[in-house]
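To keep things simple, chains are lettered A, B, C, D and E as they appear, and every chain counts its residues starting from 1.
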């Protein structure tokens, strides 16, 4: 049983319960019965007929009407060859909405196919009925949807709803919805008011309507005849535009920071294995990849054994990915890399070989194709700020996570002796040995740590993009750039470089385009290194020689 | 406490140490003398375990340590001041000194004991400076400090006075004397500064072309035999 | 990044002494002779003949020799001057593109759209050649570009990088940035080099049918001659006092300044020389493989070049040639016999080479030779 | 033993002299724009301050060295002696102050390479040689020649140059190690090799930072002799902590004592050794 | 020889392995099927698999090896246009035969190649027509979003010309390109959102390979639903969706000539065969294998070649080419499709599907029957005169 099915089941169950509790007050509505003939076009009508049926269902004040629409939207409405319409309740159980009885889903019943047009119609239809829902949240969402619809036929309904509405948020939303319809009113004062109201929303969605008022027709006459209304529309447009540019700016900043966190997570492990230990670790990308595949495996495990906890598989994947990649890293260190210290360029060759092997290994085990890793529900979607800027939860989670990992690394490196020992070893392996550092063990631990961090990065990356054998290659160059730009061996430098690269990229992209932005960034890196030949935080003085 | 028997060492084809034997007792200072390039540093490296020996044995407190890694020897209480200082250039002075205590458990290696700064006051003022930025002499002082904070039972010093100002050389001599007087530490001192060595040594060994050509106690150190092996 | 790297054999040669030992000369000439013979065996003998060499083999070897030349060029900067370039692909590709421009124009009106413009330009509605395509219909001018374009890019890039004293990994990484940026640039259709398809479907070179066996043979011989010349030139440079300055540069650049050498000039010289050599290799490569596209500028390609050098033996000149041949030969072989598992084999070989042949294949051979020598003269 | 050493020294002197006079011959094009030493001074340091993040390694240091003078500089560890040499050779840019080579060459405006061309050579405190190059190659690289790219590419070792290398090898006693990589030499041998490299450079001003550190007494003595020979024809600045050695080369010449980045005392060895402040901060009681 | 050698030239490593590996497997399956049915001309087929490793010059080398060394009678392979372009000269020079199974940008016709994938008019144009239709949402503004290389550039050029012909103004078309392997679509999605406030908007995506997943994830999380701004993609099929959580994508579209969800007996058999093969060969993730358009095209190609060989009674390239024209085959896409006599492309039906939560497609629109390919798009000036070979 898949995740969707479970969720749907619960949604369904809650809905049914709701219906039952509402049943007494909806008694009056019971009279208007759901008619099989009304539903028939859903099964075999053409699009027009289906649209009509949906619209009728939307106006039907029957609780099951909404249920039918919802089922249709989520592809849970079935039809038998005989034209009987059934709502799938989950687990092969179905309900006949006409009779209201439950039965087993007949084997020959088929899900009713809908397309985007129908889907849109369903949302619209549901919105109208939802305007009168008990739940203010539902009402609010419905009102918001109606703001954009511009369907004049709803104006009476909105007015009706507005009259009853007590919740201030919903009222405000309804007023805007009303205003957007008022724009079509013949009364200039109403139109002016509407334009002002729309301007106050700061919502870019109203821009075209307002701009439309200022447009001229072929004869040179304004669409909006009234001077004062036009002035109001102009002011409203300005206001919206100002707001939009604020949003854009804030958006770029957020996108920059979020891209920066991704780069940071991709690079942090390398900051240890390469920055601190001096291993030109070409297999770094593959360690990221392993982290991502561990996430995938955890998801499979959860689906199999703990479907109720599926939303938390990512959390569980963190320690597992850390341990798994750390183990791989330590194994590599002991078998290959430990013989190559002091010959950094040879590490390039060997780790390149390792990366080929790891990549092909994953292809053999999991196939060359990507595997599916889905965002847990708490990481899907986003929060809307400033009325238009969507900060998606997975990005937010990754920013927070990146900061946590940086903190963790910082703690380990600066508040345990490990960091000191690692730095001492890379600077003078022999002397570190002489003062009593068990170099072999420290190397192994440090490489394991770097690899483990890469694994954590892999978990994060799995939430944003592909999980496939090539995952690592895409991040390899970027990771090296970040580490080098920050100054090899400088944690703070790595953080700043990642954030800097991310932000510059995102501020460049809107006007240069993604391709030129990327090229520009690379050129900037080349130029920057001219100014700071040892990276951002380069130690200076005698000690560097 | 230290007993070296017939140690041979080769660099590729060249036979650098030829059957070197020496013994050092607790509370004594042994001076290792010899011209440039005779193998003094090589011998000390073999004792520390930085270089493997081809044959022979090195025993410390009666245990054969000739196959142990340097850090295992450090853990047994051997500290080393190498020729050329080998400061961790990009660690701060403080971190360099902390590294000296690497062989100790972490809990007892958090703080640096103040005594060391009495001997080398400059280091206290430069704790935050990077080791590599120090002047040559300061680095040498740091190297000695790093060895002493380990509270070793055997100190191996390879030309500790190189590049150090005269007044501090006197101080270092004082410290070595002090350590020797404590009686529980062995000191192996390789030194070109003859007067310094003579002043501190209880025993001496002269190397020439990788062989022990003369050995004896304090009283014999000024003898012609020794001088002959030290002049060009 | 100054790896404690010791040349496989200490330079026993007195400075200013001959280029190769007589034995080495003999070996070199023999190798060239054998390689030169192969196309003849292909042209002269019928396919059934036991000594017949298939045209596939000849084409393959021709390609490998181009790779070998690129590896040789890389060894000059990496093995001797210690400058690790992770961006040599860009020089290779630029040389290839420069020659490719000529080859595209040599197609004439035989393209799909029968225009005087290359197909991709017709397709983009371009009516004229952009300015940078001017004169590329002249072979000699194109050859000049083959040398000048990679050379100029290397010179400018090198000048700024070396002047700022960018070293070690920092240099490596910005060369990577350079090639990556170039790749993205060449991927764009608007850049005027055919986007990611690059140039292909060449018809003729200097009026000869490019697919004719004897044209192929001629290209092969040209490549062989170029490779041999490059080897001798590289050897001459590394055996000169300048070669010793380069290795000194690799080990301790600042010390070199204090005795009066300005590293900038030396680095720039060898860097540019290497880029030009690489560009020539690229130019020879294009007519033989029949395509040049931005893939050659990908970071992977450049890293692979480094791997050829390392596998063959860094700082030995002959090593990179051997390495390029060996790695690519194995790749060719593995991709046919072990199509699904060849990456394991190749990866394993890289790992084992580093672990057990730190001086590469040539280092191993030298070691074996000196051991034999030692046994003979106890 | 003695006579042969004397002969070597003579040979070396001869080589150096030849180079001095024959400025037209093979190296014509490198010839530095002539150091103007009309006032008899080869090096002026005037108010030099070097500070590292606020710490003043040199503090308003003024010092000058005459043509042909052998100047000993002593001072406590960290006094700024090496930093001073760094400033002279262009490794460190002074925060303020001027440094002139002769009357006319402003050292603060030149890079390391140009300064070396102008005629200043340096031996570092820690021996720094090209570890992967043989002893011979180290000397060859250091040898005075046109050190630009093209001449270097086509350089051929002339008989004279080979001889000069040979006699230097003799002098630094590394004849039997000619083809060993310098990295494999012992510490003392590296010291000698670096001195040899310095001599091959034939500079007008030689800066020697602790030349005898790690040498045996006998070798120290030999070095002293060598420096004494060079005195007069070349100008030298020697930094050492070995007082006996300093006394032996300073003779009646001036010794400068640095302390905390500026000159603490200056005078003959005897005067300086008697100075209470010097005893306090440097010599110890 | 008692076998007929058949070359399979698909990348099994490198960036393209993700798409091409399954084509190799389908090809092997088809060959096995043919062999089980008695082979061709009474001989068994012997597949020669090589790995060109997503490296274009290596494609040329391997093609030469297959033709010159291994002497294969036909090669099935290549995915990207550049790999096809790279091997073309080799096929022409050695007079080999290549079957190319992937939709591409057209503007090409070679005697030695049979194109079993779609030309732009068999995929892109119907898709945009659909988006403009009432059912498709009546889009009036278009974002043409692609990876910066030839296929997207060409397709978008054709689409732009097509949109012009439908009266769409340039100000209502936005062309956006991203580099290969681009993984950060935040800005682009934000821009699409902004652009869509200007009127009914649809996105035509020619994003290549690995970039699709980050794009769709971003789209989903930014709250752009298919009902607001539908995205139609030409490179996203069942195989690609296997690697994605398809739920946020529901309602977005793809245009192909085949979907696994098409219901007919031929397709059912094809799917079963593939599933059984995957299980028998223990392919990775055998339990979840799917079929897709290029796989079907590969399958058709091999069968048609077999028919042509049998008709020509020879594997001789020229004879087979001559026999190929007019071959018909009852394909899993539900029609008996035909190889065009003159342009070496298949007549194919076009389907538009909406993504479902399970990674399959709902067919929401289809052509009445197979349509003829126009490799030379009439929307590109100068192509009018070009038709067949």
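Following the convention adopted for this analysis, a contact is a pair of C-beta atoms (placed from the backbone, for glycine too) under 8 Å apart; a residue touches a chain by one contact, two chains touch by 3 or more.
Listed by chain with UniProt protein names: A, C = Urea transport system permease protein; D = Urea transport system ATP-binding protein.
All of these numbers come straight from a predicted model, not from anything done at the bench.
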- chain B and chain D share contacts with none
- Message: Using the contact definition given at the top, which chains are in touch with both chain B and chain E?
- Response: A
- Item | Chain whose Cα centroid lies nearest the overall Cα centroid | C
- Task: Could you work out which chain's C-alpha centre is the most distant one from the centre of chain D?
- Result: E
- Computing the C-alpha centre of each chain, which chain sits at the greatest distance from chain C? B
- Item | Chain pair bearing the highest count of C-beta contacts | A-E
- Message: Can you work out the whole-Å distance between the CA centroids of chain C and chain E?
- Response: 36
- Message: Can you compute the centre-to-centre distance for chain A and chain C, using the mean CA position of each chain? Integer Å is fine.
- Response: 45
- CA centre of chain A versus CA centre of chain B: separation in Å? 62
- Distance between chain centroids, defined by C-alpha means - chain B, chain C (Å): 52
- chain A residues counted as touching two or more neighbouring chains: 359-360, 364, 473, 515, 518, 541, 545
- Multi-chain contacts in chain E, i.e. residues touching at least two other chains, fall at 12-13, 148, 177, 179
- Junction residues of chain C - those touching two or more other chains: 4-5, 184, 187-188, 254, 340, 343
- Note on the structure: Those chain pairs meeting the touch criterion are A-B, A-C, A-E, B-D, C-D, C-E
- Note which residues of chain E are touching chain C in the complex, please. 12-13, 49-53, 55-58, 60-62, 64-65, 68-69, 81-82, 85-86, 88-90, 93, 107-109, 148-150, 153-154, 157, 177, 179-180, 380-382
- State the interface residues of chain B toward chain A in the complex, per the touch definition above. 48-50, 69-71, 74-75, 79-80, 82, 86-91, 95, 98-100, 102-104, 106, 109, 130-133, 146, 150
- If you look only at chain A, which of its residues touch chain C in the complex? 280, 282, 336, 339-340, 342-350, 352-357, 359-361, 364, 473, 476-477, 480-481, 484, 488, 515, 518-519, 522-523, 525-526, 529-531, 533-535, 545
- Message: Show me the residue ranges of chain D that touch chain C in the complex, using the header's touch definition.
- Response: 89, 91, 111-113, 116-117, 121-122, 128-134, 136-137, 140-142, 147-149, 152-157, 179-181, 197, 201
- Item | Residues on chain C engaged by chain A in the complex (per definition of touch) | 1, 3-5, 84, 157, 160-161, 164-167, 169-170, 173-174, 176-178, 180-181, 184-185, 187-188, 254, 299-300, 303, 306-307, 310-311, 314, 340-341, 343-344, 346-351, 353-355, 358
